[in-house]
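Some structures to go through are shown next.
Both of the next two complexes hold subunit A, though its partner changes from subunit B to subunit C.
Up next, the complex of A and B:
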C-alpha cells in the first residue's frame, strides 16, 4: 500500500500534500469525514436521551451485596459531620475507652464491578482503626489530624491543595502519600466526595479546542488558549456554562500527542475538544470530562498507547479507579470509545519493527490480568485487541506513528480512523 | 614444575627429584631441583613478601603441630612465639659488625636539603590544620605518625618458635623431613591440613634466602629417653639437607613433641592483624586445642600475649586414610597403584585398591572391559593400552558415591563451642551436612551462623575453613563469600544484612579440597555441588535462628508498644481538642445547635473542665490498660520460655596436694567443691 515512488521527495513537508505518507490516498475529503462525525454525534445524543430510562444509581439496582457511595455535600454539612465524629471520639476517650475509627476498606477485595452501571463500586466492608494498637496508632492519629484540618477548611470555606495539607504537619505525616490516603479514608467515613472536603489536587489536566466555559465567572474560550491549552481547574464547582460546537471529544493519554494535535490545530479541521491528563488521570480531569460528556452529550474517543497501561488509563476514565471507587458515580464517564492506537493498528498501518517494543514480563502479566477484569470482558472487541497484544508480545506508543513523519498522526492516522469509524 | 624422572617412577618421587642437575650443563637443557623451583616461585607457597612470609611461616608451623598432636589423639597444646630481632642484634647473631653510614647520599632514604625543607613545610601545614580542626571541635582521623622511612635493606627480622605436644619425629628422619622439598608423610589419600610436604621446608628456604640462618629442631617421641636436637639448612641446588648439628640430648620431663625455631625476615606491622585473625579463627575451629601466642618486641609496649584456652576435650576422630574412588583416578594413578599393589590378579586389584567396588561388581567390570581381560590375569602384566581401557571404563561406569566415613569434620559441637568462645554472640546456630561427592572425593560442609557478639563488625563477617584451617586471603571470589552475599536472602530470616552483626562460618572438609589459584586460599565458586551444599547449610542455620529472632522481635515489640503509641497521644488529643474548641465558639455565637449530651460536653470544654490535658491523660490510661491486658495475654500464650540448655565445659581438677598447696574437697556424687586454703 505504501507509496514507493516518493522516495526522492522524502524530505518534503507533509502539509505540502506530499504523496509519500502511506495510506494518505485512502483519505476522502474532509467534508465526507465530517459527515460521518455528525452522524456519530447524532447517535450519541439519541442514545443519551433514550438511555434515561436505564437505572442510574445504585439504589435502583437490586444488588445482592450492599454498596457504599458518597455524595456531594455542602461545607456546612461536612462540618457538622466532622463535629459528630469528633464528639463521639471525645466521649469515648473520656469514658476511658480510647477511640477507634471504623473506616471502609478500599482494598481490592472490597471492590465490585457493576455491569449495569459500567463502573466499579465499593462494597461495605469496614476495618477498625483503634488508637491503642501498635499497627494502627499512626493512621488513627493522622485521621484525627486530617479531620481537624478539614473542619477548619469548612469553617472558613477555603480550598487548599493536598500538598498544603501535607505541609501543615510534615513531622506527623512523613510523606504525602500517607496524608493523601487518609484523605480518601476521611471522604469514605464522612460519606462525601473528596471535592466537598475543600481539598483539591494540583492542576494536571489540560483542555484545548472548541469549548467555551466559565471558570469562577470568567469566560474561557479554549480555541484562544494558545498551543498549551487551558489547565483544567482543580475545583469543578467553579466550572459552568459549557458551550461547544464540537462534534466529539478526543481524549489523549500523552502530553506529546496532545501538543502535536494542538499545534496542528486539529480541532479546527475537525471540530473537537482535546483533553489530556498527562498519564494517569487526576480527579479534576475525570470530573471535567464527565461534566463535558453530560452537558454537551458528545461522543468521547480515546487515543492511548498500545500497551496494557494505555487500556488501564482508559478504564480509569470509564469505570473508575479502585482507590476512589467510593465516588465512581461522579468520576466516571460512560461510553468512551477506544479509537487507537490499538494492537491491530500496528500491522494495519505497517508500523515498522524498530518502533515496536517487546513487552516485558511485567507488561504481559498486567495484560493477562486485564483480560480477567470485568470491564474488559464486557466488550468483546477489546478482549480481541488485548488478546492480540498479549499474543504478539509487542507494544507501541502513540509516538511510533511519528516514524512516518511527525505530523502523520494529525494528517493521516486520525482522519483515516475517523473516516473508517474505526473505534470500538 | 616436575623433573623428568618423577613421571617415570611416581612411587619413589624422592630419588627422581634429587638427582644432581649439573650434569646437563654443557647442553642448553637445564634441570632444576624442586627446592630451587620453589625458591624462585615462592609465591606459590604463600611467601609473596616478607609480611606474608611471616604469616605463612606461623601458619605452616601451627598446622603441622596440630596434625602431629591429633595423629596421636593428644589434645593439642601449641605455643607460638614471634620475637622481633633488631638490626644490630641480628648482625651480632650472624657475626657482622654494625657499620655507620658514611656516604649518606648513597642510600635510598637519603633526603636532600630541598626535600627536607619541603617535608618540614608540609608537616607544619598539617599541624596547623590539625590544630584548627581541634579548635573547631571536629573529629579527624588521627594521622599516622610519619611513615617509617625504611630503606630496602632495612628489613625486620623475627625468630619464630613453635612448640607442640605432638608425635615428635624419629631421630634419623629429621634431616630429610626438613631439608628436602616435596618429601612428606601426608601424601596418602586422606583429609589432612598440609598436603604437599612444603610448609616447614618453605620456611627454611625463606630463612635461607632472607637471613641465611639455619633452622633448629628439637623433638622427642613418646617413650623415647632422649631428645633430638638438630640444626640444619638446605642445599637448594641439590635439594638435600645440610646438617650442622644432629645429636641426642637429655629429655628430663618426658616431653614429647617438636619445637621448631626459624629466623626469617618479616613484617609484623602490616601482617599483625592477619596473624591474630588466623590464630583467633584457628581457635574457633579447634576449641579442643590450647594456643599460646606471644609476640615479643624490642620495645615492650608492643608485646602481645594471647592465650586461647581449651574449651572442650572432645576431639574429632583422626581422619582415616582411604582408597581411591574409581571415578577420581587418572591413568598415572592407576599405573602407580598397580606398581604398589600387593594383589596378584586383576579381580583382587579392583576389589581391594578402590572403594565402592565389590567382588561381583569387579567381575562385571572385567566382563565389560573386553575379551582380552580376565579376572585371573596378573595385574602387573597389564599393557598401557589396557590401562587406558580401564580408565575409560572407570569414567563411564556408574559407581556408588564414596561415604564420608574417612572424613573428620570439626563437628557441630566443636564449631558451636568455638563460635561462642571467640565471638560471644547473642545467638548461634550450627548445621552439619551429610557427605557429598565432587569428582570422586567426598566432602562435608558444616556451617554456623551467629548474630551479635563482641568485636564483631556490622554486616556479614565470613569465616572460611578448609580441612579445619582458616582461609584468610582472596575472600571475594570464594564460594562461601559469594553464596552468603548473593544467594542468601537474609531478609526472609529477619536478619538485616547491613545492620546486624552476622557471623557466617563455613567449614569444608574433604580428601581433596578443590582450591583455586596458586596459594591454597580460596575455593572457586564454579563447583555446583559445593555451592549448593554451602547454600543449604547456611540456610539450615538461618532457619534455626529465624524462630529465635522472631520471638525476640515480638518481645521487643511488646516492650516498645507502649512507648510507640504514647508518642502519638499529644497529636491525637490536640487534634480532637482543636475541633472541640472551635465548636465552643460556634456554640457561644449560637451559630449551631447541638443535642443535650453534646451541649454538655461542649460547655465543659468552654468552662475548661475538659482540656487537652484531660484527653491526654484519659488516652494514656487507656493505652496502659490495653497494654497490661495484652502483656497478660502474651504471657499466657507463650508460657515460660525455656532456652535449650547448653553443656558447660569445666576443666578437670588437678590431683590435690601435688605441690604442697592445701585443698579441702567436699564430694557429692555429681560434683566436688574445692576450697583452697
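Up next, the complex of A and C:
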C-alpha cells in the first residue's frame, strides 16, 4: 500500500524537476527592483508638487463650454442648502408662480471629456421640472421627497443605501431606478457630491498591505489584516489619517489575483498597497483609491484583464463614468498606469494559445468603441495596445498566467514588470 | 435668503415632532433585554454540552441507507491520499486492466435529508469512470489532471481559486463548469472537505462586532474595524483563536441591513457578532459561521427577507446545499433561529401595503416547493410562516422597515424581537 499516513518525511522540494519558469532568469535581485520603484515614487511626488503637471480644477481652465462640478459639503451645509431650495420654492408658490426645479441635465449630449483634466465633466445645460405639468409632476414630487429624506439623513448624520431610500415610499417611487436617478439629480441641484448626501453604495472592495488608516475612529493596520484584508468602508467621510511606507498602489481588477497577492504577502517583498473592487469599480472603492493617491502621493499601477472591459474598468477609475460625470472631480484618480495584463504581454510572456480566448463580436465592438474615446486617444501607447487587441481578436484574463504555475503572477510576472518599468 | 452657511445653531432634535414610532413604547429597558439574551446563550451552551441534543455524526446513527461524509484533512494527508490513488491506478495498468476512477455519485437520487442531523447527506452510490471508454475518457483525464494540481497545491500549501485551476489547462477543461464539477468529485474520492483541497471561493462576507480572531497569524478585533468591518478570509484553515463576549450571532442576509447595524454599532448595545455574505451564502462565510458557532457556542439568529429566498438562504446556512451535500457536516451550522423578517411580521409590525411586494408565480412555486422540503417540515413554526406567505402572496425585504425611519431596524424592530424572544 502507498503511504497514506501523511507523515512521509521525504518530500521533494516543490520546484524540483519542474520546468524552468519562462523569464525567471531575467529577474534581478529585489534590491534593484526596489530602486526602480523608489524612482517611480519620487517622480510621482515631484509631479504632484510641480504646478505645471498638477491636475487643474475646472475653474482654472479657460474652457469655451461652461461646465459644472460638485464639491464635498458637510451635512450641515447640505441641510442648509436644501432649506434654501425649499424656501425659494415656497416664495415662488406664494408669488403665484407654482414651483419648478431647475435640474442639470445628465444626458450624453451634456457630457464633455476635458483632456487637460483627463476626465469627463458635465456641461451646463439645465432642464426645468415644473410641478404643474402632467409630464413632470411625478418627477417633481419624487425630487421633493428625496430632498426631504436627505435633509433628515444630514440632520441625524447617518448613512443609508439607495435601497433604504427607495423603501421609504415604494408607492411614490414605483421602482428603484426612479429614486436612484433623482438622487443623482439632487446631487447636481445642490452642487454637492453623492457622498455628501449620506447615501452610500454597498461596500464591495477590500484593501491589504502597507497602509494604516482610521475607519470611524478605529485605527486599521492593513499589514495585519491576514489574507482576507480590510473591507473598504462604505462612507468615505469617516475614513482618515492615512499613513503608508508603500512605494506604490497596486490596483487589481479581480479578487482571484488579489487573493494570490495577499496570501503571498506580496506587499512585504515590494512595499505596496493592494486594492480591488472585485470587478466593476464601486463608488466606495473609487473614493478610497482617490483618497490614497491624493494623501499619500503614490503612483497607481493597474493589473486588469487583457480585454476591452479591463481597459474600461481602468478608465472608470481614471476618468469617471458618464452617469456620474458631475462628480468626476471627486471620484477619479489621475494618472493610473496600465501595468498589465496588456495585449502585447500575451506574446511577450508566451501565454499558451489555449489560455487565450477568442473575442466575441460584442468584445470587438466594445474595443473599437474604446478606440474612439478621448481618454484612450490621448495615450498613444494605450491606442497601440488596444489596436493590437482588436487586430488579433484575442483576450486573456489575469488568471491565464496560472498556466505557468499558480505563483507565476507574484513571483515572476509582476516583479519583472516592475523591474522593466513596463507600465504605460 | 435662507441660511446657507451651515452654521445655524438652532437645530431641532432629529425626532422632534416626528410621529411616534410604532411599538417603540413596548420596549423595555436594555437591561431587561440583555437578561433575555443571557438566558438564550445559557440554554445554547447547555444544549451544546448535553449529549442528548448534541448533533450526532453520521457514524453514530443507525441509518438504513449507507451514507458518506468527508473530513478535514491536512495538506500532507491529502497529498499522501492522492499518491495512494495514483499508485493503485498504476498497479491496475501494470496488471493489464487499464484504469478507472470509482467516483461517488452526486446526483439528486443519491441525496438524503437526515432529520437527526438536520442536514442533507450523500448516500453511497458510486459510478465508475474508466479511461478506456469513449464516454468517460475526457472526464477520467480531467480527474487525473485535477488530482495532479491538488497534489501540487498541497505540496506548496498555497490556496487558489477555481478560476486559477481552470486556467492551468483551458484546452482540456474547455469550460470552468467541467473543472468545477470534477473538483467536487475529487473531494468525494479522497474523502476530504473542499477546503482541504486548498481551492477556495472568492471572499464575499464581512464580519463586525464582539469577536477577536486570528487571520493567518494576525489578531483581528472586530469591534475595531470601523463601519466597513473585516472581510471574511477565503481560507478557513488559517482562521483561529476565536474569542468573544457576545451573547449571540446575528446572521444578516443583505449588506444594507448589515451596514445600518454596523454604523449604529448595534453590537455595543446588545453584545453580538454581526455577519453577512451579502446575499447568497458563499463557502467561506458558511465555514466561518460554523466555526464561530462551534467554538463560541453562541445562539445564531437570522435576519432575512420575508420571501422564499430568505428562507432558502437560511436553509443553506443551516442544512447545506444539495450540490455540496458530501461536505454538509463541515459547512452547516446547526440550530439557526429565524428571527425575522417573517411573513407574520408584516401585519404585526404594520408594514405599509406599498412596501409589500406581490409574489411572482416563480416566488409562489419556490415557496410551495420549500413546504415539501424535510428541513422546513420538521419545524412546525416555519411551516406556519411559509404557509402564510404563500397564502397572502406577499413578500417584503428587510429594508421595508425603513418606511418607519432608517433606524427603525436597529432601534425598535430588533430590540423588540429580542425582548419578546420572538425567534422560531
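In the analysis below, the second predicted complex is superposed on the first by the 373 of 424 C-alpha atoms of A that agree within 3 Å, B and C clash if a C-alpha of one lies under 4 Å from a C-alpha of the other, contacts with A are read in each partner's own complex, and residues count from 1 in each chain.
In this section, a residue touches a chain if its C-beta (ideal position, glycine included) is under 8 Å from a C-beta of that chain, and two chains touch if they have at least 3 such contacts.
Predicted, not measured: the structure shown is a model, and the values here were computed from it.
*Asks:* State whether A:224 touches subunit B only (first), subunit C only (second), both chains, or neither.
*Replies:* Only subunit C; A:224 stays clear of subunit B.
*Asks:* Figure out whether A:155 sits in contact with subunit B (first) or subunit C (second), or with both, or with neither.
*Replies:* In the superposed model, A:155 contacts both subunit B and subunit C.
*Asks:* Does subunit B (first) or subunit C (second) touch A:144, or do both, or does neither?
*Replies:* first
*Asks:* For the three-chain arrangement built by superposition, which of subunit B and subunit C touches the greater number of subunit A residues?
*Replies:* C
*Asks:* So, does A:354 touch the first partner subunit B, the second partner subunit C, both, or neither?
*Replies:* second
*Asks:* Report for A:80: first if it touches subunit B alone, second if subunit C alone, otherwise both or neither.
*Replies:* A:80: touches subunit B and subunit C.
*Asks:* Look at A:190 in the shared chain and tell me whether it touches subunit B only, subunit C only, both, or neither; answer first, second, both or neither.
*Replies:* Neither partner.
*Asks:* I'd like to know which partner A:96 touches here: subunit B for first, subunit C for second, both or neither.
*Replies:* Touch status of A:96: first partner only.
*Asks:* After superposition on the shared chain, which partner residues are touched by A:414: those of subunit B (first), subunit C (second), both, or neither?
*Replies:* Neither partner.
*Asks:* What is the shared patch of subunit A, the residues that subunit B and subunit C both contact?
*Replies:* After superposing on chain A, subunit A residues 80, 83, 87, 152, 155, 169 contact both subunit B and subunit C.
*Asks:* State the interface residues of subunit C toward subunit A in the complex, per the touch definition above.
*Replies:* It comes out as residues 1-8, 11-12, 14, 73-74, 76-77, 79-81, 83-84, 87-88, 152-153, 155-156, 158-161, 163-171, 200, 202-203, 206, 214-220, 224-235, 238-239, 255-256, 259-260, 263-264, 278, 354-355, 357, 397, 399-403, 406-407.
*Asks:* Subunit A touches which residues of subunit B in the complex?
*Replies:* 557, 561, 564-565, 568, 571-573, 575-576, 578-580, 582-583, 592, 594, 597-598, 601, 610, 614-615, 618-619, 621-623, 625-627
*Asks:* Contact residues on subunit A for subunit B in the complex?
*Replies:* 80, 82-83, 86-87, 89-91, 93-94, 96-99, 131-134, 137-138, 140-141, 144-145, 147-148, 151-152, 155, 169, 172
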